[in-house]
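So that you can tell them apart, the chains are marked A, B, C, D and E in the order they are listed, and the count of residues begins at 1 in each.
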């Protein structure tokens, strides 16, 4: 118990978020029902956003919530609905070759953890006093150092927009 | 590893998330579930970026990278979903393993 | 800062021109009924781009805070990419597949331009984030283009596989980048190199991050075992896009990988090696991984190609094998090898596009990409058959075609670096490759047509395009001096000797 | 008459028959009488010239060697050797001059004989062309002064023999016999070729004189006397083949498939004697061991063939074996060191054996005509058992034949007596000198056997009654063109031509002209010197004569007892000793032995190899073997690809691994991703292991 | 010395005239088959005339081999010159052709055989344009290989032959032509890629000083490669008797051995020969096989004298196997053409045996045997072609008694057969004899063992002769016409050459004498006199 008593609030918050992230992600991955998965994914995103906050990345956290939950997740849900026939609700999408995949995934997580553990990361003392907000720094960076990626990202967005529309729209039957 | 919060804690979470994402991609038949798996992978990468940025006292680069990753994730999701919808129109299914006409 | 940015903007004229072309294409698509106008605009745009690329010859700069390098190396690959793009537009003008989807043709050209834009950034990117971004731009465009003929189930399937596979691969790569970032504290290749040269990174994590990053590159260049999407997507996608993917996107992927390796991992402080070879940073074991990948890639590509009956798919495997050959130039870890790969790319550009063009023309006329459709082609259309034969001979690497010169330089680089057993594997592979190329010869010349034996005729435009590809394939085999000089001059990357 | 002229004349002798060959082969069909007159007259001219040469040589240049040499190939200066060239040329010494006459004479007579014997043959003109070609080649052997040309002409007589034996090539037996003759000869020739190789490798010249001079000068091949012996024996291998010595004698009896005049010319008088001539030529380089070897080969040959001859019923076969036997004598003679006697026997034998063959030809011709007249195509015209009593119908032939027979049996007053006696005396001397007593024993035994089987022929063919009276009526003496040669040869079978002393040739011109040459080999390995030999020979001369006369007489007596008076039934003897009879009748089973070993072995081995080549070698490299078929079950396509397009080991492995690699291209994207993941993990862990 | 027509060297004319002919053939209208044939004939006749000029003007005293000064009819000008860029060295490739006593006989042979092959191709009716175009391209490749003195050029010509040959067998061949063609193609390519690697290794090891600029540069010049002083110290092939030198030699060896073909790389040959049309069999046996042995003499031996001497015995042993194995396999064949094909394997073994003797007689015997085998085997294949054209079968057991039915044909055949079995008086004998005489001095027992081949050759040749020409004529062949004028035009010149050279070989031997002597001295001196002297 002495270990537990050492826990700071930050630690506890981390563990809570970590558990939320992992559990909800597990639900996403393992759930038989695709709707459950989709909603569980929301918790994952929230959890990850929480972790960001812990890491003093408040702007990213907000962006995460906005884009992922507000955008991507909604998109995914639309996708689920559009591709699910009303009569024969095939939301219980099955799984494939789970055993080899489990072995692979286990091996992967083991390897990753091992590597992370062994590696001697260069970690100077964590910044105790973080700046109140990273938003302005990020804003500045976007207009200076990261100007080019920023512009490229805009092209990517444009392309994705045009392309998605092109692929997804229903064509009139050719005469 | 101490129980106290450190870089490795975050990395572990990221590793687990990454593996779960990979697992989803590998096993789920529904294409949309596969896409969810990919989102998990991207999220795990983002956790890395930000954690490294924070603990390494490196720079804001990590956070910048995370922003762009989020943007691209959105683009990718949009395009991928469009393609899945098209598949649904053509094949009447979104099961990835049913779409295997092109093979050796 | 502003000064720097303004100065930098001056050096992205080709990319700016591309984006401008992209926008013009979209607008033109909305405005004009005749879709050929869009093609014309795109062609004009590419011409302008080519002009600006020419303008960049001799520049050796890093711009946008080391995001992008404008150096001879990038310019060389920009030439390859823009040439391929122009040729693909010409292909598209006579492709039945593209022309039949009239309503989306504007988007088609727009996406083509977007993809080219992505590749232009890829060849110059010297920042991991920039690499990832440009890779994604290229990839997203190509997912969409692969599914362009979306009513065709094959095409739809190809795009689905491509997007899932691509997204996962780029996810892997991103994760790898994140680890490298964690180790070196930077996304900038120059800084990464600095850190690594000082030996300040965990070896194991670096290896893992490197392998994951290579998975991303490997996916782009179709290297085994990251190649799996290639045959399926190549087969399903419209032939113009297949050709484009096999040449331009591969070129861009290679350029990026080459820069990643040399700028990021070459220890240029070591001076004991012969000129032109460089040492790698301490603890970097990816050379051997690359050797394995190269051997696997060419061998698997060649062996499986033997079994293919669909010529497009056969060429897909052949292009995998060629990626393996080109990787041989990389593993030399020397300017020789880099120059050889670069020479190979120009050669490969003409011969591979040529082969795909013939496939397209045959498919246009016969509606089939099956090898059976080539029976009796020698008598039905001697020009086409002879052209195809020359392209295939060149792909095999026999003199006096350009393909021989490409292989010659690759093997020369290997021999010079004393990687002799690797060279032997390489040449044996080119023997194997003869098997499946010969199957096409055989059907064209040794067999009689099973169905119609009508002569096939083609319009002047097709023949001109064919000759545009054929002449360099032969000429570069006999007179390759300028190409070699150009490639050797272009090995120089910004910031490294 | 100077040397130049003699040499030019000898060149004319050499090329006249060649001219005959070329004229007849190209224009034969268009020439009158298909060119036989050309051939015969050319040989007549050659004969005249030869006689002139012989006389000139013996009278004017008795002890000189005439030589003409030219450079054929010049290798220029060669490192380690210096100037190197191949000189070819001709030389005329006494044995050459004698041989020229023998060859042209017999050849001329055979030409003459053939105009009658072969008349009406489908390939009449070609026959004469080949005769000309043979004469040319044979004269080449006689005239050459070096091993290279010797080998060249050696092969050329072989090929003309091949062509003539196979003259009636529609008959399978003839075609087979010609092939056998050539191949068996080639075996011997290869030995000779190797021998020549040894000499060339050591002396860098082919010329006899130079080689002998070098050996005499102490240059031994590879500085080792056994190599010198080996060289001698290998050169002698050529003689084994050509002179039908054991163990390569099997071709000669079969060669009787050729027209009978050919048998007379080639397979009795000249070509087969070439081996003896070769030994005589190379005598100076023969070591004692080599000579013993030669003597034994000769003795064994003589004995084996004599025994076989007893049991044969085909007249030509008997004569063939008798030829082999006599050749064995000659070789034996040379081997024991009775150089002059051996060569003398060659000359005398040429006359009477040619006569015997032509005589038998005459008989066969008559028999054949009679049978033809009767419309009988089944009875064998050559079988002794079908003959008898021919004396009455063919007196000229009979008397000539009898003279030859007496000569071959060594009855006094004949040439055969002179030569054979000398050989036997030599063998006796040899036995005394070396203790090799088996050689003289065989020599005398064979003399008895010879007398027995030769008189068997005479009795069965010419004496007694004819088996078929009807046929007997149709038998006629042969025409003049055939009988004249018989008479000429019969005359030549008397002693007077060679020596005026009917009981010893040693005082005649022949023995004066042909003397045993000085040996060139080192003393340590040389045979007994000529002087030493002569000494012993002189002692044994009378003994030998007595012995030989008695065994010959015994043989003749036995023949009369058995076949004329029929006191002993040959059939009963044969039945009493069935294995012996069968053994002899079947020629000691040599053909069967070679058939079962060398021929079947080679052919069988070649089949095995061919199978090996197409299945295993090709299979290993091609993968077209059983493994391929196994895999092709797995995929029907494999076979079509392998068979259609792409075959070899690479193809096989390529196909196999290609198939394997193909399997992972399942079309399911998630499988692909799994492989990617596996790839990443493997690439990572590969360095944990290595 | 040089010799030019219209300022273009005679060897360039020889080599590229067929290309001109090819263009003419391609431009002719499809229906005008006669003009195509005559064009091809004109080209080859012109080649023969040029060959005559070469023969007449050839200086028989000049050695050639490794010195440019004593190469004859040489032409040298820069083909590709890539200036030095940064850390990349200058790349210089010459168009360098010339002949010496080793290559001159081969050039004459190629001209002659090409001419004969055109005559033999006269009755080709299928896709005539393609046939003659490819044929002429092949002609260029063959000629080029024999005249090239720059390794790069040599290699280009070497490879240029592959594709025409593939099509000539594959399109105009027999029933299993596709199989045979691909087999030929793959085998030869396999060999040549190994050669390519050796070529590159040599390139990077050899430097010469450019007389114009004084800079050191790598070179593909074969003659420069023969000078050990030109090998850069520390380069991969520098030194003598090193591991990599042996590897490079073996790589070259395999490349050439496949062409010869040497056991166990020979299995492409029977198939290719059997399936190829007559004229192509003639080319294949008459010229292409010579390239293997020529390559060994021209490239492998003088550039790697140390390795050549080191592997002399194994190579000779392979020659021995070829002789005996080829002869035995030939004996078992039932197909006329296959038999001739295996006999080629046997006869090429003699070439190997002769050249490995490494003495004058052997080397000259080998070169002469190459020439003679070219003419004799060409005759044999033509003979098979004649009978196949008439009867459409090649089964040895299907025939018999043709001697009476086709007397003129049989006469030619007798000459060819006897020449093949090494009958004195015909050219084959002299070269075989010289080869053996040479070989015996170097490898006593091997030469003795190889003489077995002489017997076997006689056996299978005579057996074949008997089966086809002797005996009785089957009824079905009673109508076979005798050889016609066109076929005689192809065969008679060869027969005359075989006879003349058989009696008086000096005209040919004198051509090669100086070079052969020099080559032998060079290889012995360069490599392992000590090795062999034991």
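By definition in this document, a residue touches a chain if its C-beta (ideal position, glycine included) is under 8 Å from a C-beta of that chain, and two chains touch if they have at least 3 such contacts.
Predicted, not measured: the structure shown is a model, and the values here were computed from it.
A.B. asks: If you check the contacts of subunit A and subunit B, which chains show up for both?
C.D. replies: Touching subunit A and subunit B alike, sorted by label: C, D.
A.B. asks: Determine the set of chains touching subunit C that also touch subunit D.
C.D. replies: For subunit C paired with subunit D, the chains in contact with each are A, B, E, in label order.
A.B. asks: Which chain has its C-alpha centroid at the greatest distance from the C-alpha centroid of subunit B?
C.D. replies: Farthest by centroid: D.
A.B. asks: Using the touch rule from the top, point out the two chains with the most contacting C-beta pairs.
C.D. replies: Summing C-beta contacts for every pairing gives the maximum at A-B.
A.B. asks: Pick the chain whose C-alpha centre of mass, unweighted, sits closest to the average of all protein C-alpha coordinates shown.
C.D. replies: Answer for the innermost chain: E.
A.B. asks: Which chain has its C-alpha centroid at the greatest distance from the C-alpha centroid of subunit E?
C.D. replies: A
A.B. asks: Would you mind pulling out the distance in Å between where the CA atoms of subunit A average out and where those of subunit D do?
C.D. replies: Each chain's C-alpha centroid was found; their separation is 101 Å.
A.B. asks: Using mean C-alpha positions as chain centres, tell me how far subunit A is from subunit C in Å, no decimals.
C.D. replies: 32
A.B. asks: Counting only Cα atoms for the centres, state how far subunit B is from subunit C in Å.
C.D. replies: Going by mean C-alpha positions, subunit B sits 27 Å from subunit C.
A.B. asks: Starting from the mean Cα coordinates of subunit B and subunit E, work out the distance between those two points in Å.
C.D. replies: One centre to the other, that is 65 Å.
A.B. asks: By residue number and range, which residues of subunit B touch two or more other chains?
C.D. replies: 18, 21-22, 25-27, 31, 34-35, 51-52, 56, 64, 68, 72, 75-76, 79, 83-84, 86, 96-97, 99-104
A.B. asks: If I count partner chains per residue in subunit C, which residues reach a count of at least 2?
C.D. replies: Counting only residues that touch two or more other chains, subunit C contributes 129, 133, 136, 140, 143-144, 147, 150-151, 159-161, 164, 168, 172, 182, 185, 208, 231-232, 304, 307, 428, 431, 435, 438, 442.
A.B. asks: In subunit E, which residues are in touch with two or more of the other chains?
C.D. replies: Where subunit E meets two or more other chains at a single residue, that happens at 178, 182, 186, 190.
A.B. asks: Determine which chains touch and list them pairwise.
C.D. replies: The complete list of chain pairs in contact reads A-B, A-C, A-D, B-C, B-D, C-D, C-E, D-E.
A.B. asks: In their shared complex, at which residues does subunit C touch subunit A?
C.D. replies: Touch list, subunit C to subunit A: 1, 5, 8, 12, 19, 22, 26, 63-65, 67-68, 103-104, 107, 110-111, 114, 117, 121, 127, 129-130, 133-134, 136-137, 140-141, 143-144, 147-148, 150-151, 159, 182-183, 185, 200, 202, 204-205, 208.
A.B. asks: Inside the complex, what are the residues of subunit D that reach subunit A?
C.D. replies: Residues 670, 674, 677-678, 681, 684.
A.B. asks: If we count contacts the way the header does, which residues on subunit D are in touch with subunit B in the complex?
C.D. replies: Against subunit B, the touching part of subunit D is residues 662-663, 665-670, 673-674, 677.
A.B. asks: So in the complex, the part of subunit B that touches subunit C is made up of which residues?
C.D. replies: Subunit B reaches subunit C through residues 18, 21-22, 25, 31, 34-35, 38, 41-42, 44-45, 48-49, 51-52, 56, 58-59, 61-62, 64-65, 68-69, 72, 75-76, 79-80, 83-84, 86-87, 90-91, 96, 99-104.
A.B. asks: Residue numbers of subunit E touching subunit D in their complex, please.
C.D. replies: 178-179, 182-183, 186-187, 190, 263-267, 325, 328-333, 359-361, 364, 401, 403-404, 418, 423-425, 429, 433, 436-437, 440-441, 444, 447-448, 451-452, 454-456, 458-460, 462-463, 466, 469-472, 504-506, 509-510, 513-514, 517, 520-521, 524
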